[in-house]
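Two complexes are shown next, each including subunit A; its partner changes from subunit B in the first to subunit C in the second.
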Partner chain A sequence: MATPALPLARGRNSGRPRAGMSAIERSRRRLFWPMLMPALILMALFYLVPIIYAGWLSLNEWDGINQMTFIGADNYVRLAKDPVFIGSIINTLKILFIVGIITFVFAFGLTMILRDMMGKKFVRSVLFFPTLINAMVFGIFAGFLFSPAGPVNKLLLLVGVQDPPKWLAQDNLFNMIMIVMIWSATGYFTTIIMSAVDQIPAYYYEAAGLDGAGPWAKFRHVTLPLAWDVISVCAVLWTMSSVKVFELILVFGGSTAKAPPTSTWSTALYVYQAAFGSGGDREFGISAASAIVSLILVTVLTIGLRRMLRREAIEI
Partner chain B sequence: MNKVITQPPLPTESVSAPGPSRPRMRRRSSRKDRISPGGYVGRTVAWLLVAFNLFLLVWMAVTSLRDTRDIVRDPLGVPAVPFVENFTNAWNTGGFGTAAINSVIATLVSSLLVVAISAPAAYVLAKSTRKLSSTFTLLFVLGLGVPGQVLLVPVYIMMAKFQDISHLQMLNSIQGLVLVLVGLGIPFTVFLLAGFFRSLPVEIEEAAAIDGSSGIRTFIQIVLPLARSGLVTAFMLAVITGWNETLFSLVLLTTSENRTLPIALLAFLDQAQFNGADWGGLFAGIVMVVTPVLALFIWLGRRIVEGMTVGISK
Partner chain C sequence: MTHIKPWLKVATGAILATSVAFTASGCTTTDAPSGGDGAKSMTYWSMWTETEPQAKVLKTSLDSFEKDTGIKVNVQWQGRKVLDKVTAGLLSGDVPDLVDQAYDGLGPTLAKTNQLEDMAPVLKESIPGEDGKTVGDVIPAKYIDVIPTYGGDVKNYMVPYTISNVSVFYNKTNKIAPEAPKTWDELLANCKKAVDANMACIASDGDATWANSYWFDYLLNRNAGDGSFKKLVEDKTGASWDDPAVLKTAEQIQDLIKSGYIIKGYDASKYPEQQNAWAADKALYYLMGSWAPAETQKYAAEGFDYGAFNFPTTTASSTTANDVIAFGFAVPKAGKHTAEAKQFIAYFANKDRMGQISTVADNLSARPDVEAPAQLADVATILADNPSRLPSDGVSGDITDKGFNASFEQLWLGKVTAEQYVKEAKTAMVAYWNAKG
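Right after this comes the complex of A and B.
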């Protein structure tokens, strides 16, 4: 493995036979393992081992106290029959696709609006800010603002709405969660897309304008193709973060009697509730199985999205 | 500490930057200055959103200074006299005091450690020409995509087992949480810093090597100071992640002495089920969760935004 004295560095930086290079190269090779090792060990301990362990746990029944018993794929069979789990998968997919698509449309709309607007940096910063806050806070806010006698309904009453919707009723709860997510994620994706759109030279738009392109045509034929790579990165980012959604749902409505209604659960909620929920039983096996399913879900979706969105890069 | 951060994002430069480009922008916008009706609608929507977000922040701050009965009677009112008791109550009896201290310690220690461990790794991955290094880079990138819940149960069990073997307190302890935060934060920090090190010019290291500086010395004395702004960004992002972490803290910290702020907030909510909601105290707690991040964002917003967006879109 360790061949410290290679006369010439091979690889990306090769082809530059300077004395300095090889000295650097040699000392870099000596430092490779010592400098990498601590991070690699943590990576193994907190990612590799736990994933393998989760795979093993998912084939067992265990409450953390008694003997672990191997039950094969039974946990997965149970999950497939559990309407709450199926619901949590559907909710996660709703977050991914419905919230994702609306957020992207908004983000693009805002990018177009902000492109040559006064104070766009300020606007962008203010819209970005929710990304940095623990989503729990927004859950509590929504619970307060939309409570039956809360500010929103009072304002509606002033406008003459006598019979406001039951915002936080079971049937509406998940839609409300999605709206809050759209609101808090839009700023983040607007910022990323804007940084890509800002790099598109203005003369493309001017040329398109001379050819008689309207705003839509400019968007469709200039912005969209040139920002495509960033869009596909954003899609992957959103996939990864949509599977993780946890805090917002946990507290949404401010009515946490330990657990939110099962109709709003995401896969993260399911994993948590199965292992540590207030139901009492610790079902590590089921929890691990649902975790493995969500890992497979995120992997398949990420690969699928990347395939779908891949195309030839366009050089600016 | 101070030394690390005394390099503010060069305000003069960012102020003067729009200067030369301003006339060009003007010209461009004046040529097609007739903003379409859709443009006006769009701008109005954008500013309404901004107004709403700012309103939420102000409302949060104002409400945290009001008596709970006032809040319930008129949720959008302003207090005649600031009701500071919310904060003293939340700090002392609501458990937010201990939680705030725990949060600060866990966040700062874990963020320092994760940057200290990730920086050398990111450096060799960015600069090494070994085939192995691209394999490892891929490994860290893949780690980015693993949802936290996949690791939740195994990490919990491993921490419990480690506690049994080592007799070090791992569950219900801040050191346990720190360890988990460091471990989970590695992929993102390595990824971010590797991108940063890659952008540093090679020539400086070459010069150092020619002058006979050893690899370690070059790294510590030359590369790290050059990479200071990247390290600060990585540290800030680790702080924000650590400060907001909820899922693992919820599982690892179950006693009131060890809670961090998000967990204290959840406990406060749970209590409200039985004692009736103390909205004033709750808002005081929310202010404690939000304010440090808000302050960081106002102070170093540009770096935070770039760290979270530019690095990622590459």
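Right after this comes the complex of A and C.
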């Protein structure tokens, strides 16, 4: 009888004790707000207030020093007219969808292979390893690894490739960034999905096998429905993190302290460049407006995704 | 049983939460001792980090300044992002009395918004230890006059103490073309010699557009005169792109690429890959800031003798202006000890003290009467012999990052022809200004 307490305590009451409740129940309710308050205050202070302030800032022109001037929706109009901002939204969506879909396909594939593989714990750790490395490390090393006379091209030369691809050419830059993201995200999501798959009792698979199901049918009819909740959480996690991608692009594309080429900018990078770009101008209004736009973007996408993925939970 | 009232719990929770919040936000007050006991003091936020040689040079002078004047200097080695901290400090009232950075940091960030003191009086101050000489006597006016106001009210808002420039670097001991070219045609002829001898002519890293655009900037300057780059990129109508000098400039760059004068693989390398290749004698020339010798020293071929020449002229009437990048002191108006800060600027201008920028830190000091480090001897000569200009004519903000660079990359990487480039760049710049509103 431990479970029902939680939904009750979450009720709409304000912590006032009601008649007919046990003493424990009453004190639990009394503690509801005091326990919640610190977190709520922190949330308000560090999330809500900045967001509201950013919303206000986005309606102003401000260099960070002098008086703000209210300009209404001008910043948003400017963003709509700015090809660089439009490009950065497209890049963000590319990261979200292209990188996301490939990552999940890999994660599912690996999950299917790993499920009944020997030494899967070890393999899983290996797969998870890239997540532990800061993406920036790869960003910096890529310059060395993929340089025209670098190790990758030397290896290719050994196997007879005379004219290796121009890895770090401007056109490939964003693709390289996406590949690194796939590489580092796959292990992370494989690990999470695997842990959900581990909870599925083996007899479901055995029963499916007896019914003549192959690996794909097993995945579709056993793994996917039973791990669905975890998968949809993963999808939301990915959506939120993809909109925030920043440091990898900055390190990958930017040489010394200069900005990376605009063709690789994500919305997060746009926000940063507007406020602290290398030109010295500070446009906090534009920066806040672009941050608000990406906030709306992630909110809409997350809500949409949640709706799309909503299903009745299946009890194992 | 003691009973704690619910509101009390709420209040306690709130207090706890806010105290956690303040700890988490790391609100630390860095106020220097204000010297209420009569002792004078000032605060200096530096663009250098403590281990850099420039910091050591400044430290020596800060120590002796304290000894000589009794003014205690509280120094914080903030590093290159120092001005972000000053901007934030202006809002909270925590502002240093002295700060340093390059003109293109101080100007757009602080001078534009009228946050800096006028330095004209400091230039008239006499330098301690140098009879009768003023700061303005020893630092050439051309270094100061070239610095733009960025729309601020104060003309002289900084006092330079170290100077960089942009010129073409080469190995003086090279056999292919030991003579430095003076004209564009001579440079092209040398390039041909280099390619014939199986050596690349020009080193460049494809991703370093900020450096590659030096070529365009200088060429346009030689073709169309001083201020032409600024006029070009600040023209909201885009009409300036129709100037034949712009197409000529683009064609000259196209020529370099088509003739194969730029080092192989430049379009797929990450800075400073090809810069190091140049130092290893894989290419003849490298157009770069005067920090290039210090940065490439480790990779330099044996016997590499750093030389430099001013960017060649393209016509008989070409200007010979040379890019000057001044780093220097500025005094925020909001500082509490501005007089002390100015006193230190004059103090540091002394030949022995500023001279250490050359002797200890291996950079060029802002005083031409200080002997330059051997690797920068040519640079010092170029600076002394030619008028001064600014890279990209000193345009600030995101004009280059968001407007100019993307299409220039296409030209530099050989993806578009000169004509296509001029068309695309014009469209891009018009779109940029349209978005600026």
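A few remarks follow.
Here, the second predicted complex is superposed on the first by the 270 of 316 C-alpha atoms of A that agree within 3 Å, B and C clash if a C-alpha of one lies under 4 Å from a C-alpha of the other, contacts with A are read in each partner's own complex, and residues count from 1 in each chain.
Please note the rule applied: a residue touches a chain if its C-beta (ideal position, glycine included) is under 8 Å from a C-beta of that chain, and two chains touch if they have at least 3 such contacts.
Just so you know, these numbers come straight off a predicted model, no measurement behind them.
Contacts of A:I102 after superposition on the shared chain: neither subunit B nor subunit C is touched. By the touch criterion defined above, A:L156 lies against neither subunit B nor subunit C after alignment on the C-alpha atoms of chain A. Judged by the touch definition given at the top, the superposed model places A:D74 against subunit C, while subunit B stays out of reach. In the superposed model, A:G277 makes contact with subunit C only, not with subunit B. Look at A:V84: by the touch rule set out above, it reaches subunit C but stays clear of subunit B. When the two structures are aligned on the shared chain, A:L305 is found in touch with neither subunit B nor subunit C. By the touch criterion defined above, A:G64 reaches both subunit B and subunit C. Look at A:M117: by the touch rule set out above, it reaches subunit B but stays clear of subunit C. Looking at the superposed arrangement, the partner reaching more residues of subunit A, out of subunit B and subunit C, is B. In the superposition on chain A, A:T267 makes contact with subunit B only, while subunit C stays out of contact range. Within subunit A, the residues touching subunit B in one complex and subunit C in the other are 30-31, 34-35, 38-39, 42, 45-46, 64, 256-258, 276. On subunit C, the positions that touch subunit A within their shared complex are 6, 9-10, 12-14, 16-18, 20-21, 80, 83-84, 87-88, 90-91, 104-105, 107-110, 112-113, 115, 205-210, 264-265, 267-273, 396-402, 405-406, 409, 413, 428, 431-432, 434-437. Residue ranges on subunit A touching subunit B, taken from their complex, read 9-14, 18-21, 23-25, 27-32, 34-36, 38-40, 42-43, 45-47, 49-51, 53-54, 57, 64, 109-110, 112-114, 116-117, 122-123, 125-134, 136-137, 140-141, 144-145, 150-151, 154, 188, 191-192, 195-196, 202, 206, 209, 215, 229-230, 233-234, 236-237, 240, 243-244, 246-247, 250-251, 254, 256-258, 267-268, 271-272, 275-276, 284, 287-288, 291-292, 294-295, 298-299, 302. Residues 15, 30-31, 33-35, 37-39, 41-42, 45-46, 63-66, 74, 77-79, 81-85, 142-143, 146-149, 166-170, 172-173, 253, 255-259, 261-263, 273-274, 276-282 of subunit A are the ones touching subunit C in the complex.
On the subunit B side of its complex with subunit A, the touching residues are 25, 28-29, 32, 36, 38-39, 42-43, 45-47, 49-50, 53-54, 56, 60, 75-76, 117-118, 120-125, 127-133, 136, 139-140, 143-158, 180, 182-184, 186-187, 190, 202, 205-207, 209-210, 214-216, 218-219, 240, 243-244, 246-247, 250-251, 262, 265-266, 269-270, 272-273, 277, 279, 282, 286, 289-290, 293-294, 297, 301, 304-305, 308-310, 312-313.
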